[in-house]
Amino acid sequence: MSKQKATAIVAEQRRIAPDIYDMWLLTDLAKEAYAGQFIGVYPKDGARLLPRPISICEADREGGRLRIVYRIAGKGTEEFAGWRSGQSVEILGVLGNGFPIQAAGGKQAVLMGGGIGIPPMLQLAKELKAAGGEPIIIAGYREGQLFLKKDLEQYGKVYVATEDGSAGIKGNVLTVMEQEGLAAEVIMACGPMPMLKAIKAYGAEKQIDAYLSLEERMACGVGACLGCVCKTTHKDGHSHVNNARICTDGPVFEAREVDI
Amino acid sequence: MNTKVKIAGVEFKNPVMTASGTFGSGMEYSDFVDLNRLGGVVTKGVANVPWQGNPVPRVAETYGGMLNAIGLQNPGIDVLIERDLPFLAQFDTRVIVNVCGKSVEDYLEVVERLGDTEVDMLEINVSCPNVKEGAIAFGQKADCLYDITSRIKKKAKQPVIMKLSPNVTDITEMAKAAEAAGADALSLINTLTGMKIDIHRRTFALANKTGGLSGPAIKPVAVRMVYQAAHAVKIPVIGMGGIGSAEDAIEFLLAGASAVAVGAMNFVNPYATVEVAEGIETYMRKYGIEDVAELIGGVKE
Amino acid sequence: MNTKVKIAGVEFKNPVMTASGTFGSGMEYSDFVDLNRLGGVVTKGVANVPWQGNPVPRVAETYGGMLNAIGLQNPGIDVLIERDLPFLAQFDTRVIVNVCGKSVEDYLEVVERLGDTEVDMLEINVSCPNVKEGAIAFGQKADCLYDITSRIKKKAKQPVIMKLSPNVTDITEMAKAAEAAGADALSLINTLTGMKIDIHRRTFALANKTGGLSGPAIKPVAVRMVYQAAHAVKIPVIGMGGIGSAEDAIEFLLAGASAVAVGAMNFVNPYATVEVAEGIETYMRKYGIEDVAELIGGVKE
Amino acid sequence: MSKQKATAIVAEQRRIAPDIYDMWLLTDLAKEAYAGQFIGVYPKDGARLLPRPISICEADREGGRLRIVYRIAGKGTEEFAGWRSGQSVEILGVLGNGFPIQAAGGKQAVLMGGGIGIPPMLQLAKELKAAGGEPIIIAGYREGQLFLKKDLEQYGKVYVATEDGSAGIKGNVLTVMEQEGLAAEVIMACGPMPMLKAIKAYGAEKQIDAYLSLEERMACGVGACLGCVCKTTHKDGHSHVNNARICTDGPVFEAREVDI
């Protein structure tokens, strides 16, 4: 199935933490959705035109259902939070390249999710487990509202870090690595830029492959507008300059490829 | 029913094209639309050498529109010729290459290189507001516009479309300058220069501070300028600025545009181009219009 | 917390005003808002004699905005002085009278008549796109703007705000011309010239064909021009263009505006002015800002 | 109660003819709503900012309910047609000056409604009957979908004209006057401009007062923007030129006052 703009139906939605919403969408796009990919969700309000990129939290391929967990970050996502079961909504997908499951083959994968970067770790953990892995998952939260923790525990051992120390280890995902004495053979991560930068440095130091899911303001979502680029270490094959398109060449990049 | 239009001797199967910079070189949107259904594909601006473009953030949404400051990132003319033109050659659609540069020499180099290709027309981008090195000046001063247009016309083997900036006091003065210098057609409007500030971080939403405003928000400005330009010159005008539906497109045709281009609205509806083309036919059928030419400039004075 | 701002020696209790032509002379909206809560009321443009204005339709909605071509219908300076100024004098708010004319003499006559009144400031409308007789020319050519500004300054007893047109190539050139001629402040942007065509009737949506585009659609253009103007001159700038919320207003303050005006958004939310004033206080409280002056020009470069 | 922007609740809505919708709104604004006045109804879609002026079809002052009957004329009214019971919507009102009930005192009033000008005749007929009158109502339709006819019959004798002759008399409201040999002592009318012009001429010829409800593109709805003016015979007291504001000085004018 190629990329398409399609009408999905909201199956259910609930608030799972302050400003964090958990929505299941009925859509055939689910059939080819993989961990680390994302969809564009269109606001219904005509004043807000662009699709909001939201990562896939779970893909129920057989059931034709996609789960997205997102934070209210503006008026678009605020509108999404008001959507009710049965409503039809417009989405664009499936977009981007996901995490390379095969890269974890036979290796101890540590998944690191920070804040609203936690949701894609769920589908990723599920796929890694299905492929025979036993992923370790580190979820870094601002505070003690440990959304998706129970879901993640189905697929691997979950460690928690909170910035305020109100649950798990006080600190970030790398504090957990250190304090729990964990060792990774491959890292897959999604979260805020300072976290990803730290993971890139950590991977370089330990000589571990680290796959990072990047974020940037997007417009088209399909690689045409060149809005959402990230700097690359080498000249990119498509752009012929040191810029790759996060929406199309990413959002997942091996840490050494990107100059973040 | 005839939907064909002719611009500077080049026949288009319908008056619907893509606006430069919003459609890549066609490849990305070929997942969504059959390029054979389009009058023409206008490629992302290309320079003599690859351009890095601006730092991110490069895009920001605004009310009914968006700002972009891509900075004309492009892989350079070599890659366009080797990769993108052969891709587009597979389709039965006209190919217009948008040309950008930092100096007149840059433009001329690209124009010369394209002379040996099968490209149908050239569109000269003298109106990008997001490049520091003065390309926009070519599009904001009538004498500069005259100068670059006439120099390009001397070298160009294909018909030349000059793409005009709306960030001017008098669009008719610019349109006339381009016509006087030998331009074969005009396209307008490029984006309006805008700015957005994030009040919580107290930072500019775009790394470039300013960006080009596009989308339905600017359509009334675009329709006005197309009307004024089309009435000021004899060469054909290609209209653009917020077109997302056949209704929008017909508004531009009635204002005097000989063809139209879909830009930012591709991002909102990736099927927009084909829907516009089909919708124009539906409108023509509804009102018994035999030839799309009847619509061009057809608003009642 | 201080929300007071001073513009050309006149103190406003807060930086929120009304945009000329969208608020009548205050009477109509006093059903909705307490005018005492506003920094200032800027009246509908007034000429030396009553003006009939343009034929209808005078207004048309556009995507995220609207077009108007009222043509500065007004009852003339006599009625303003006899009816509207006494009404406004009942309120603890600053009164700014917007002055329009078809010739410099028209403007000067109104300015002189207002010299004997309690009006706090004058705003000179040299940028209305909907009047045929050339008023807009004063606002689109730097030398004309310089000339009219200096002649008005010679007669004016109150501080003079020059209201600038956005339909220019370089807003900084216009801002500098007004400043050099002695203007005490600038206000911008007036509306962008636009057009809408009814595709089913194939007629112009406005009897005047073109009209002025306002509303949130144009906000990015307004913020950009306010930023550019505020950085080009030393006199204060009053920012406007699509402001409907405190967030919008703060964007203009951060861009460099010393005060803001709510225009077309009054039509969408008749409580907008007061909500903007209150929302600015909420924002200041949230971020621990003691003085609204800290916000003015506060975007991080 | 002064004018206000208020939140109303959709009580019910149904389609009563092709593109014609009938909606009841729960709102306190009903308490001071009279025949010939109107409300502004705001689209929810942020791309469409301005309130749509819609005349009051019925005002249930005790029950706090307003009835509006409107035609889909664009994307704004198309949105309204999709509103469901229970939804909250924004309205501006009550706007304008209604029909002068006292002007019909002791006189035979003939109400003339054309097309989407028929709805305000219902509240008007109701008020005239309550004031002791026996209004004659002439409803002019394009074709045989006689919306509101039954409602109107509660308050007076109803005559029907249709353009295509598919019901009642073929022709317009004045054809009915002639063919039925009706005589009016005062006329109150709402409908398309050609109809109102003809009624003005008819009133002048017969020397009857005719009150006409005018329409024009509006922006503010409250008299500030001067968008919706009509030419007046004499200099208007507010504008000091020959223009009155339809939203505020009207929408109902005595025919001699306006130059239509």
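Lettered A, B, C and D in written order, each chain numbered from 1.
Everything that follows uses one rule, which is that a residue touches a chain if its C-beta (ideal position, glycine included) is under 8 Å from a C-beta of that chain, and two chains touch if they have at least 3 such contacts.
This structure is a prediction, so every number in the text was calculated from the model and none was measured.
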If a chain touches chain A and chain B alike, it appears here: C, D
Between B-D and C-D, the pair joined by more C-beta contacts: C-D
Whole-Å gap separating chain C and chain D, where each centre is the average of the chain's CA atoms: 35
Where chain A and chain D are represented by their mean Cα positions, the distance between them in whole Å: 56
Mean-CA-position distance for chain C and chain A (Å): 46
For chain C, residues contacting two or more additional chains: 63-65, 216
Overlap residues in chain A, where contacts from two or more other chains coincide: 46-48
Overall pattern in which the protein chains touch one another (line/ring/star/complete/other): complete
In the complex with chain A, residue positions of chain B that touch it: 21-24, 28-29, 31-32, 44, 50-53, 56-61, 63-66, 68, 70, 73, 75-76, 79, 215-216, 264-271
Residues of chain B touching chain D in the complex: 63-64, 216
Footprint of chain B on chain A - complex, ascending: 2-5, 42, 46-51, 76, 92, 216-230, 238-243, 248
Chain A - residues contacting chain C, complex: 46-47
Complex contacts: residues of chain C adjacent to chain B: 62-65, 67, 140-141, 167-170, 192-197, 199, 201-204, 210-211, 213, 216-221, 223-224, 227, 242, 247, 250-251, 254-255, 283, 298-300
